[in-house]
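In what comes next, subunit A is part of two complexes: it sits with subunit B in the first one and with subunit C in the second one.
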Partner chain A sequence: MSPPESSPADGRARTPPARRRLLEAIAVREIRTVARSRSLLLLAAALTAVVVGVTWIGDGFTAGYLPSIVDLLTPLELLVPVVAIAFGYRAILGDEQRGELDVLETYPVSARELVVGVYAGRAVGLAVTIAVPLAIAAVAIAVGGDDPVSVYASHSGADSPILFARFLVLTVLFGLAVLAVAIAISSLVSATRSALGLSVLALVALLVGFDLAIVYGLAEGIVGDSDLLYALAASPLSAYRGLVLETTVMVASGTGPTVASPVSSLIGLALWTVGSLAVAVWAVGR
Partner chain B sequence: MIERQRIRLLVVAVGLVIAVVAVGVFVVDGETSDPDPVHFDDTVSMGLALEDEYGLEDDVRLPRAQVFYSQYEYVVGYYGVETFVASFREDGHTDRFGHPRTVYVSDYSSVDAELSAAGYPTADREPAWTDAESAWFVVGSDAETPSGETIVPFADRDDATAFADSHGGSIVTWEQLLDRDVETDDATVVRDRVDDQHREADERVEDVSTLRDRPVSTVVGEDADTVQEAIDAAPENTTVLVPDGTYDETLEIDRSITLRGEGDVTIRGDGNGTVITATADRTAVVGLAVAGSGSQRQGSGELPGDDEPDGAWDETFEANYAGGDAGIGMHTANESLIEDVSVDSEITGIVLRRSAGSVVRDVTVDSPDRWEDGHAGILAFHSPSVVERVTVSDGRDGIYSHRSTGLVVRDSTLEGNRLGIHLMHTSEALLADNRVANQSNTGIYVMTGPERNAIVNNEIRGAEYGLYPDGSDSYVADNLLVDNRVGLRIDATGSRYEGNVVAGNEIGAQVRAMLPTNQVLENDFVENDVHADAGTGPLRVWTHDGTGNYWQGASSLTGDRTVDGSYSPTAPVDRQLHRTDGAETLARSPALEAISGLQGTVPGMRTGSVVDLAPTCEPNNQDLLAETPWADRAWSCERIEQGPSP
Partner chain C sequence: MSERHTPPSTEPVLHAQDVDHEYGSVSVLEGVTLPIRADAVTALIGPNGSGKTTLLRVLSGLLEPTGGTVTDRGPDAARRIGYLPQQPAFRPGFTVRETLQFYGSLVGEGDGATLERLERVGLADAADRPVDALSGGMTRLVGIAQATIGDPPVVVLDEPASGLDPGMSTHVFEVATELAAAGTAIVLSSHDLELVERNAHEVAILDDGAIVDRGDPGDVCDRVGVDSLRDAYEESITGDTRTVRVQGVTT
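And then the complex of A and B:
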């Protein structure tokens, strides 16, 4: 069971593999933590119930992928941040409270490695938590579509599982961006209560605050008509919504004004992720 | 160690695959490749009345289009490319169907096309299909469909040029064609026609009414012993006067005279055949009672009248239906008058066959008590005529019409029949101001896909189905539909349903039309168990130009006299709003509002539901509603007292 290639690989450099292993160990530990957490499992189950329930109430199983996306969009805009925050808000704080941060400091692990490792581990858990309910919904739609009246020729129109896959990917990306915010919160605070408080604050800001700020800006003329597409990218919710509408719904409805600038929305989500992680790195390194 | 390495590799590999797939779904085109054309018979088609379709010669090949829309799962077929262009240019078309992804049109390059005498394109076989975007279109040529001027598509430009050289017209591309204004007679044209049609009917009545005043030439009992002898003796354009009494005779009128009763006159047949048969234009039967016809429902043998069999597709129908026994039978008697007559019907009261321009008014038909024993109160066959102020009770069909384009039935009372008014293959009819009560099956039933009918101001109560119009481009307005099992059944497409009051029915409106092309607005739905119910087919949006309908139960907390959000009579909570306490509280839950916020999007992909995006706050037809017991139950949507107006 020992392939010959393994020896050169091992001997290439001693420190980086060791460090990589450290990062990996942290990530694997986070995955284990997430998998063992009953409350997070419960949360995942609840999310599954909501996704399946909304699809059912909206008659999405018979109607198809695109109508389901439209039905799910608003509920997920609200729920995904809640789930993501729940996944992340105690991640680093917990380590600190249990004294594990002190232990980790005895290892050659930098703040950056710690944050990235924790984030990576939790991200896997969150991605699975979001992707599984949507995948279940997709399968249900695939098998649950009612047969069209057979005396007429039918076709699938613009509806396609590809659109639902896009929706799934974008929802996971959206969740990951909010998770980074949660990690930042977790690293900034020193007590569970303040973590909870700050998380709620962050949720309010995310769910309502940024969008209202854009509305205010638009109403007051601070955001010009031509800037709106880019301003939308600044709010994770709007960035996500715009991306979903642009890459799924607009495919079917065709003409009309552009709903989003995909590139700037993606950049917006990326900046939120990277920025939040940077804040976390800075806070842990304090 | 190596095991770990493998796991690591595996993780990296899985990660890479996920990343590639995640990016990939945005790179690949979500749309599938162009679908192949389907058999036209398999499409959900529009643009040709069934009557016209039956009437076409075998070699006629009308230009057609079939369209695959991005949001509508059935292929839509259009008779006449212009029918598609007109639909496409209508407001809201794209909202309902999505955009046309692929359009195929008949390719007259694939056949040797000629024009028939009527201007219909003919060929020895059906033209092939070609992609519309690369086709050439001849507009303004002599080519026609039964609906009017038509556009002829060609795959090859030279063929288009050759066609235009011999039949006129000019050549345009698909893009140019979509930019052209195409006039078709839609439901609003029908609406605008109603007053004119009433006026024309008034003129018709006025013209035919002069027949009453013909000079008396013969008096029964004085100038002749029997009524028939008097008829035979009377010169044309005079009146045969029948004094008080009962006359046991079976009459035939073959000249243009007026038969007028004075006092209490009854003509009683011997229980065989039709009691009074008239076969001359401008015959009038006025002021008498008729009884004692035979009770053969179906005719057999030759029909009275001076027409020759013309081999039309409905010839057998005609012999069977219009040849049955009746109180009065008018055959090929154009512009005739039946006025102030009552028929004690054994099977059918009055038959009008090929008697265009006739008037039946102030007539009462009593059918046998059991509807199974009757046929029609008044049967109009190929007879566009005016029927007004008639009363028909207990019949199978109160008023039955077959291919009587332009028929007018108004101010009439239909009571206890199986079907009140029954139209077959009858387009451009006007059914107005009728009172239709307690039909065991359907109040007004329009069948066989006719076009441009107007059904206005009727009051229909106590039927299994109140109003059941089929066909297209019809105008259904200001009707009062009360206490039926189903108030309004929507099978007709491209039609406008407005200002109807639908109250106290088990199901207010029931939609079965496959095409979401109706305009449904300003109707009032009050005290129905269920306001509306929808069958297979896309989501129906019952809002037109920002105006919706009044739904008892839809409410507002905003104080701006508009209902908050949309209302869906087919949604589990909305449909309970007007009769279940607490439903309103549930309807306002963020969870439901989050879903309903986007309810109107991608309608073509949703099935079996109805949504009104702009319900009205107050009932739209207060006067009509006042004729029901529930006017005070049609409460305003407003839940908050309004402050003083600014």
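And then the complex of A and C:
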């Protein structure tokens, strides 16, 4: 449409609220949606039960932080993507199916503001969902350990709550990267069935596909030994696993081969997050 | 009942000029020219499938016309066009008040204005009811309240009286007339020709993707030589009015 040509009428708000207020309004709506969703609350409870259960079964409450990280890493590699996809796969799609995306288009909200606001709100919910069970486990370890930890350090050879805190933060970052993928899926499809199908496909790719591709690349000589650490950073799951091992297990053991490039892995997760959100912005705005 | 008045403004606030729209190879709108005046209720009438919703979506800026132009000459406003979809729906788990507060926050509108809008459409008592517990008619009323948020210069309402009882249908048209009297350009579609005849300042009869007649309802009736808009409608529409014309299929 062409820009307005006539003078402003009386009594109408002429300028939209600041961008920050728009983002806040959209994000708060998402946080409320997550908090009021029984299925997501049930999922959060299930994740808490699994985290606490695995820690308990593995004697993590008495063994310490590092053994618990090792016990929890594999289950969380599987569960965090599932939970993240559940948080995001209908976030944009639901609004589109109800016709609310059309309505929102008549408000001074850009596709970028909408996607960033939706992502921010869902990210808060997901971060809490992941962080709370891990925090509960950390407190239980602190209280139940045979040999209470007195060294709050990250240097080699010491178990420390700082290592567990790193694990918690990295797990949240992993979840947020997968959430961005889910938001992209949500904005690309127009039917719930398509969203579910694409989500399953994304999960298979994230959990198995990229790792298999790296193995295939290694076997075929496409990926050289010197490139392996960077190739691992390209897969969100490998990047997460490598980051956890490199910044917790390897730090505590004080020795061993380099299993990941932390900087490359962080960049990899950031690129997945930003790239997926860019796809979502394009899809909403098309 | 509200009284129709002659709008003072002549300059269209929104102007569709030779608009075409095609879905793939199916032509839905052909050469539609429609000036939308401020201070007036413009009603689109026509059979199912004649292109009313598509034209409203084009006017709202939600669809790009495949031909022609839509020129927005409206005044500056945070929200340029308000829109009520044909089947309004809202995110479940929120109350009516929360839903409208959310939309209001997107244009910097306070909570007081939200209640005023609910009162205007006669839904103040349902402010704290979950939107997923509303009847279809009540959801439409929430949608109408939503469409006016931010006081946009143009409000587009796709079948605002659909699913409402006669009293509420009349009230909705009265609200539209009041908004027009306050300077808002109202564009709506409706199958309630009696209400359109009583309330609309301008009517456009759409048939098979083209406007076959438009003007003041009285003038349209005079041109066709009939006494009511219903008769004018039936005289203007080609084909069997008891059969839905499917564009691209019905010949």
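Here, the second predicted complex is superposed on the first by the 258 of 286 C-alpha atoms of A that agree within 3 Å, B and C clash if a C-alpha of one lies under 4 Å from a C-alpha of the other, contacts with A are read in each partner's own complex, and residues count from 1 in each chain.
The rule is short, and it goes like this: a contact is a pair of C-beta atoms (placed from the backbone, for glycine too) under 8 Å apart; a residue touches a chain by one contact, two chains touch by 3 or more.
Fair warning: this is a prediction, and the values are worked out from it, not measured in the lab.
After overlaying the two complexes on the shared chain, residue contacts for A:A25 are found with subunit C alone; subunit B is out of touch. Within the superposed three-chain model, A:R166 lies in touch with subunit B and out of touch with subunit C [touch as defined at top]. In the superposition on chain A, A:T74 makes contact with subunit B only, not with subunit C.
When the two complexes are overlaid on their common chain A, residue A:V109 makes contact with subunit C while staying clear of subunit B. Using the contact criterion defined above for the overlaid structures, shared-chain residue A:L66 touches subunit B, although it does not reach subunit C.
Legend: residue contacts after superposition of the two complexes on their common chain; A:V54 is shown touching subunit B, with no touch to subunit C. Set against each other, subunit B and subunit C touch different numbers of residues in subunit A, with B touching more. Touching of subunit A by both subunit B and subunit C, each in its own complex, is seen for residues 1-3, 6, 9.
Residues 11, 13, 57, 60-62, 69-83, 85, 87-91, 93-94, 98, 102-103, 105-109, 146, 150-153, 183 of subunit C touch subunit A in their complex.
By the touch criterion given at the top, residues 1-2, 5, 8, 21-22, 25-26, 28, 30-32, 35, 38-39, 42-44, 68-75, 94, 98-99, 101, 514, 536, 572, 591, 594-595, 597-598, 601-602, 604-609 of subunit B touch subunit A in their complex. Residues 1-9, 11-17, 21-22, 25, 29, 32-33, 36-37, 94-95, 98-100, 102-109 of subunit A touch subunit C in their complex. The part of subunit A that touches subunit B in the complex is made up of residues 1-3, 6, 9-10, 24, 54, 57-59, 62-64, 66-67, 70-71, 73-75, 78, 146, 148-149, 151-160, 162-163, 165-166, 169, 247-249, 251-255.
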